[in-house]
Amino acid sequence: MTVDRPTGSSPTPPDFVLQAPSGAYLSLNPVTKLLVAAAEVEAAFLIGTWTGPVLVLLLVLASAAIAGVVSRLAVIVAVTVPIVASILLINGFLYPGAVDVIVRLGPLAPSVSGFAFGLQITLRLLAASLALALAYLTTRTDDLLSDLERRGFGRRATYVIGSAVETVPRTVDRAAEIVDAQRSRGMDTEGRWWRRVRGIVPLAAPVVFGALTEVEERTMALEARAFSTPGPRTILRVLPDAPWQRLVRYGLLLGLIAVIVGRITGPLGALP
Amino acid sequence: MSLRLEGVSYRYAGSAADVLSGIDLVVEPGEVVGLVGANEAGKTTVCLVAAGLAPATIGGRLEGTVRIDDLDTAAARPYESAQHCGSLFQNPATQLSGTAATVWEEIAFGPRNLALPLAEVVVRVDEAVRLLAIADLVQRDPARLSGGQAQLVALAGVLALRPAYLILDEPTSQLDPQGTRLVGDALGALAAHAHAGVLIVEHKTDLLAGLASRVAVIEAGRLVTDGPAATTLGDERLPAWGVQPPSSVRLARAAAAAGVSLV
Amino acid sequence: MIQEVCPVEWLSRQFSTRVIVLMPIAIAINIVLGATVQQALKLPIYLDSIGTILVGVVAGPVAGMLTGVLSNLIWGYLLPAPIGTTTIGPFAITAGVIGLLAGLWGRLGLFRSRRGERSSIPGAVVAIILVGALAIYTYARAYASPTDFQNITGFDPTAIDQSRIFFLVILVIFVALIAVALFLRRDVGAVYAIGAGLVTGIAAAIVSAPIAAVVFGGVTGSGTDLLVAAFRAGGDSLVSATLKQGLLSDPMDKMITSFVVFFIIGNLSQRFIARFPNGERLVSSSM
């Protein structure tokens, strides 16, 4: 197909496509932030029982302050409160074989070692969750996928993850629509658990079958856009990276391995 | 150079009966060919076969030959066929990749898949945007477009592959009247300026009357007529074949029946 | 049954465009149904593996495994609250195992519709016996130590055998599901599918137990935590308690899920199913 083309067309994508993330910590390469999170998670679980989680929590808070996401991090902490409370309570009150029991209330035997154990687990969990939450809050999924693709991830993996992240809210909306439609037809959504279980099938079935009928149409559409062409596809944007970040990443990778070795051979396990 | 189906018969995998029998159809560069017929007559199958998507993507058995210029689809992978013959389907929502943050990136999806140099990708996207006059949409989120706008974006995405032929399978059937008008106008402008050969399947014969130079009718997997648009759309057998004639034809007939002259 | 195919080619056949399109949809089904059950119903089932098992059965083990792993990772780390939740990510390993096993069952043809196939009945009986034996062995070993209920319920430990109770619960559910399946669809294939679900559930419980114990101290925020607490009150170690809870929830959940997947596959058009890598093993011969 031939078309007349005006002269002077720009050969670079527009700014709104090329947008690079800016800001302290935010402008780090996505894979760097990912590796940092991975290292922090490992440290939280493998370095000592208290040392690791505490160090990680401090590091995460400092990084969050630099990046300016402390308030959003606080929201995530708030979401984890119920879990944390459950872990503390259940382990505190029901730790078997404890010798330092405070008081015995029937089957419940709150003990210092029980609460200590619960606290350990809680801190570890919190440190790991916040490290990952920091990575999530400071990185656009799109940026991460673009960078991974540039490193050889492949268009199919990028499509699966990107599409899944987009499909979930869409499916939630569709499920909500179905619930509304059925409620108006008299379906019971509150009430006894037995009724709610029965209510799942007329909800789940249209959601599942509706989602599956899209498969053929989407497959055709992707093929029609040459999706199955072998090899890497054109990169639209290159995320910022720097030699010092590359050094940091190698350092982190070595550190990840060193921590595992250190834990197995002993020194890290002996830390408080 | 043309898009030719010669003696094409096709049956779906696991099926005992042919859905298409002995189809001969030619689309020349620059002409717009309409295809009409009742539901289940085989229109979508013709589209899939002509675009090289059947049997490559869905299996099944093809007899006869389908040539897109000098590419024989029997030997071609779907991504090769897609570069010569683009396809647009009915549902705007499922045509969009769903992984693009902006319309611009959505249109760039196809050229990027071909691993074209970035400068070339930009050129093609700008070209497609200009062809369909959707410059005001480029920064929008594809998920938040109206049906008609989404369909235009999907079409732009296909045009960005610079196919020599375009196959449109009921592009307006899931759109509201406003969307239909939007897409119909864009198709009219496209037909006037571009030199692609277009095969368009439509129920809305009014739309075809304005777009197509030739119209063919398919019934039960066979082409029962193929001729100039005015002739075919004015053919009295259309209702028997499950097709509603354009409103101008129906009006003329009704007037004639009532003895009223419309001239 | 194992064809001589170069591994790279086998892998790339498992990931055709159609499978690539199915995976995100399956992941979304996992997450939406799982979140709904978790937040609204608070029953000891999860229903977050329907997509994983579906992909495993129709597309193969690697695709199934990736669907499971990605579902957990995306649910845990890429989606904002209220859907996103902290306790899902580490169980990606379990989800991977579930998908892998589903791929195996799919290749073995266990999810094929066998409607009205009288010849399948002896095979189904054998399958029930095999699966039953496996279950009895697993439950006996897991619940063997009679450190137990006495502290809570006051019952004499030697009077009640925990393993028998829980095995009976699973057995009842197994039989009930099969009965429902046979009554609804007269399809002997359901027996194979539900049996596969039971085995998958046992495997999932075994893999999940250490994860729940080490990462979460046995508390994952679902309705099953009280059960774990009860076992611990009876003196069980953390891993033992999570295992016992898992052996109750997971088989139940996976049997229901497998039956649902079997039902879904039976209701999708044969034309559509045939286009997937495992297609021929799922198209019933009577069609």
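Letters are used for the chains, namely A, B and C, taken in the order the chains are written, and counting of residues starts over at 1 for each.
Here, a contact is a pair of C-beta atoms (placed from the backbone, for glycine too) under 8 Å apart; a residue touches a chain by one contact, two chains touch by 3 or more.
What you see is a predicted model; the values in this text were computed from it and never measured.
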Pairwise touch network: line, ring, star, complete, or other: complete
Of B-C and A-C, whichever chain pair has more C-beta contact pairs: A-C
Whole-Å separation of chain centres (CA-atom averages), chain A against chain B: 42
Chain B and chain C: spacing of chain centres that average the CA atoms, whole Å: 44
Distance between chain centroids, defined by C-alpha means - chain A, chain C (Å): 24
Junction residues of chain B - those touching two or more other chains: 57
Of all residues in chain A, the ones touching two or more other chains: 159, 163, 166-167, 170, 214, 218-219, 222-223, 227-228
Chain C residues counted as touching two or more neighbouring chains: 17-18
Interfacial residue positions of chain C with respect to chain B in the complex: 17-18, 270-271, 274-275, 283, 287
Sites on chain B touched by chain A in the complex: 48, 51, 53, 56-57, 77-79, 82-83, 86-89, 91, 94-99, 101-102, 104-105, 108-119, 121-123, 126-127, 131, 138-139, 143, 154, 157-159, 161-164, 193-196
Parts of chain B lying in touch with chain C, wherever the complex brings them together: 12-15, 57-59
Interfacial residue positions of chain A with respect to chain C in the complex: 45, 75-76, 79-80, 82-83, 86-87, 90-91, 94-97, 107-108, 117-118, 121-122, 124-125, 129, 132, 135-136, 141, 156, 159-161, 163-168, 170-172, 175, 193, 196-197, 200, 203-204, 207-209, 211-212, 214-216, 218-219, 222-223, 227-228
Parts of chain C lying in touch with chain A, wherever the complex brings them together: 15-18, 20-25, 27-29, 31-33, 35-37, 40-41, 43, 47, 50, 66, 70-71, 74, 76-79, 81, 83, 86-87, 89, 151-152, 215-221, 225, 228-229, 232-233, 235-237, 260, 264, 267-268, 272
